[in-house]
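Structure, as structure tokens:
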Amino acid sequence: MDRSEIKSFIAKRVAKELKDGDVVNLGIGLPTLVPNYLPEDVHIILQSENGIIGTDTVTEENKDPVHVVDAGGSPSAIAPGGAFIDSSVSFGMIRGGHVDATVLGGLEVDEEGSLANWIIPGKRMPGMGGAMDLLVGAKNVIVAMEHTAKGNPKILKKCRLPYTAVKCITIIVTEMGVIKVTDQGLVLTEYNPEFTIEEIQAATEATLIISPDLKPMV
Amino acid sequence: MAKFVSVEEAVALIPDGASIMFGGFMGCGSAHKFIDALSKSGKKDLTVISNDASMPGGPLGEEFYGIAKLVHNRQIKKLIATHVGLNPEVATQSMQEGTLEVVLIPQGSMAEMIRAGGSGLGGVLTPTGVGTIVEDNPYCLGKQTINGREYLLIAPLRADFAVIAGYKIDKAGNVWYKGNTSNFNIVMATAADTVIAEAEVVVEIGEIAPEDVRTPGVFVDYVVEGGKYNG
Amino acid sequence: MAKFVSVEEAVALIPDGASIMFGGFMGCGSAHKFIDALSKSGKKDLTVISNDASMPGGPLGEEFYGIAKLVHNRQIKKLIATHVGLNPEVATQSMQEGTLEVVLIPQGSMAEMIRAGGSGLGGVLTPTGVGTIVEDNPYCLGKQTINGREYLLIAPLRADFAVIAGYKIDKAGNVWYKGNTSNFNIVMATAADTVIAEAEVVVEIGEIAPEDVRTPGVFVDYVVEGGKYNG
Amino acid sequence: MDRSEIKSFIAKRVAKELKDGDVVNLGIGLPTLVPNYLPEDVHIILQSENGIIGTDTVTEENKDPVHVVDAGGSPSAIAPGGAFIDSSVSFGMIRGGHVDATVLGGLEVDEEGSLANWIIPGKRMPGMGGAMDLLVGAKNVIVAMEHTAKGNPKILKKCRLPYTAVKCITIIVTEMGVIKVTDQGLVLTEYNPEFTIEEIQAATEATLIISPDLKPMV
């Protein structure tokens, strides 16, 4: 798979984690592909943490870039039945457990289900934005990312970069497999048959527990 | 009660060194006319509280959008924000030149800190940031365990001025926000000694139903008519 | 997503012993049709969280108004409220007969406790009640000094159910409140496992502008059409 | 003066404490008379803590008792330019210092400027409602009450009833005088010439400091 295929493959698998009616917050990049792979009978409500419940695709007709933007500052739109809310209500909603799932990328994740994705000290100065709140508040935290970066594992025993949030991840989806975070550690529940279990473990610094119900990823 | 003034009169209220909250999210919901005038005013050493530093290129072709103008003109001494990654001049001024101090705060915590500052609460107890370097943030006053869960105690936030932007503002200063421009404007309007509100459209009393007012006029000290924003 | 049900179906959701938040202030903004049906249902041992216990005589000649019906029918075991003085049956049941437990909380603290419960905050730090018997309240977790001022730490409040009332509710469950009926309804809709909203008028999507939605439909589990309230 | 005249007299003096544009919350009873005595050029905005900024007189035309009530549960109305807010915003406004003055009655007040007015243990079960928040949050707390109750002082060295709030009062207005709460204690700044200073002190358990600028009450 080339990188574009990898991203689609991951997004497609993440889509299966979402249920009809779920309120979902999507991070930038790969996560934004997820809605493309939802079954026809699954309708989710996309939340943008800067104040939109129910975002819609931007068209020439609904575009209003001065008054409606997404969490990346790009033009957005509101779907029928949606609502605009202010930041304190939006993050109350997020922290209060009213967002069913957040899907986001990661620089590093670890055996405790902690995530680092907001800063590389000395290198960039981005800011955490709403990510720390989303990780703490969303009912399900789905990390959607490539399994390795330039051949180096991103699933570590312990994150080396500053945490975005600790013990927050529900599930990790990569092109190699699906990993659930449990009290026992990271459990590989699905694998991509293009890889052997050994290859997946070799690409992972953390120790993977192999689920007794291990299935191929579809 | 809200007083209607020109943008020049409003900018003249701001002394060098003032702390100012600016509503808006990447420029969406910012007081563009006021910020433009402030950026040309030469006012300096400002402490700015804002979700972000906006960005150089605006949606209608602006060279600098929203408070990116103030960053570009080096009027800001300290910036308290949640995300500054889309404005590369912030990293230049803070990391390379050391002329701009930046304090980063999680977005939900910042909204609550400002709300606490405006509503007389002693602080915010949030699970956000536990176990992260936010614990070392100057606004983090400690960690508390309540009912078995850890929370950070974060200080309330207030400023000398809040500069907010509404779409419709009536003659009593009541504000109605279009789209998702309300973002930080609503909490900021409660948490500053002086509140300046910029309207795209000034309307008569009654044109905003009392139920649909989002920032009551009693919170607004000055109103500036900015006109419909078109870049 | 909000499901539209009959008032009977909605009442059937409530088990004996449930904790329920009821929006409304002296009956203004209460879910009258639902409460009426609940008062006839025989459900008992309820823990009720409400600003008040309403009052016997309603504005349209009702014998018992709002949750005064539930008090009168002795369906409430415990009442958490800010003021119960206008419903003499509360004093009778609590002070004379000892069948009703009452916990009194300052009104602003109650609003914040519910908001905290609905928005994932660990508690409320409020100056309200410092030096008073509120310090002995079961929800008061302690006293803290922050920046030289004393605050009470008050626990968040949640319930099994919130029963709110809006004037217009659209098919997506978005709520718009008329007059000052929003009172506790807005925070309560965020702080319960199951939220039941009663509409006076059900409208099509689009009839409430997205900017004017005060309780987004994603917070509402069930909608009951109550009809325009006329006593 | 009979009791009705006493109430008017107190309300009239309280009215002088209010400035044009002030946001004011009035307690039940005597305080509601205050607006009748405002000069023509002083317009105040009345706040009702259950969600009205700018209450208006109820008329047959604007009456909507199902949807608009005051803090006592009686029908209210909204003035032009007013706004309806929910309880969390309303009490945020109150605690946050956005209410310029609250005028309310008292059962007991004391030398520290503390107030007791919400409960007589064992006798009634009313509840504090919004009073504790108003006393803590309003910029000026004006107690408007008769100087004594059945001949017994209400201005005490220390409240005997449970406090509504401690060290909260700005000024006390009675039919006998105007008393400012200061760090030094209670300062009598104005007196009703119908009474001697000795009579006022005799009706007051707390020690009154006589202001060097003592003036007659007008």
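Residue numbering begins at 1 within each chain, and the chains themselves are lettered A, B, C and D in the order written.
Assume contacts are C-beta pairs under 8 Å (C-beta built on N, C-alpha and C of every residue); 3 or more make two chains touch, one makes a residue touch a chain.
What you see is a predicted model; the values in this text were computed from it and never measured.
Any chain touching chain A that also touches chain C appears here: B.
Of the two chain pairs examined here, B-D and C-D, the one linked by more C-beta pairs in contact is C-D. The geometric centre of chain B is 36 Å away from that of chain D, both derived from CA atoms. The distance from the centre of chain B to the centre of chain C, each centre being the mean of the chain's C-alpha atoms, comes to 33 Å.
Here the spacing of chain C and chain D, counted between their Cα centres, is 29 Å. Remark: chain A and chain D have CA centroids separated by 55 Å (rounded to whole angstrom). Touching of two or more other chains is recorded for residues 78, 84-85, 91-92, 94-95, 136-137 of chain D.
Multi-chain contact residues, meaning those touching two or more other chains, occur in chain B at positions 112, 115, 120-121, 126-127, 177-179, 182, 211, 214.
Taken pair by pair, the chains that touch are A-B, A-C, B-C, B-D, C-D.
Considering their complex, residues 1, 115, 117-121, 170-172, 174, 190-191, 205-206, 210-211, 213, 216-219 of chain B touch chain D. On the side of chain C, the complex with chain D involves touching residues 25-29, 51-52, 54-55, 59-60, 81-86, 90-91, 94-95, 102, 104, 106-109, 111-112, 114-115, 126-134, 167, 177-187, 214, 229-230. For chain A in complex with chain C, the residues that touch the partner chain are 21, 23, 45, 53, 78, 80-85, 91-98, 136-137. On chain A, the positions that touch chain B within their shared complex are 48-52, 64-69, 72-73, 75-76, 78, 84-88, 90-92, 94-95, 114, 122, 124-133, 136-137, 162-167. On the chain C side of its complex with chain B, the touching residues are 112, 116, 120-127, 141, 144, 146-147, 149, 151, 153, 155, 176-179, 182, 211-212, 214.
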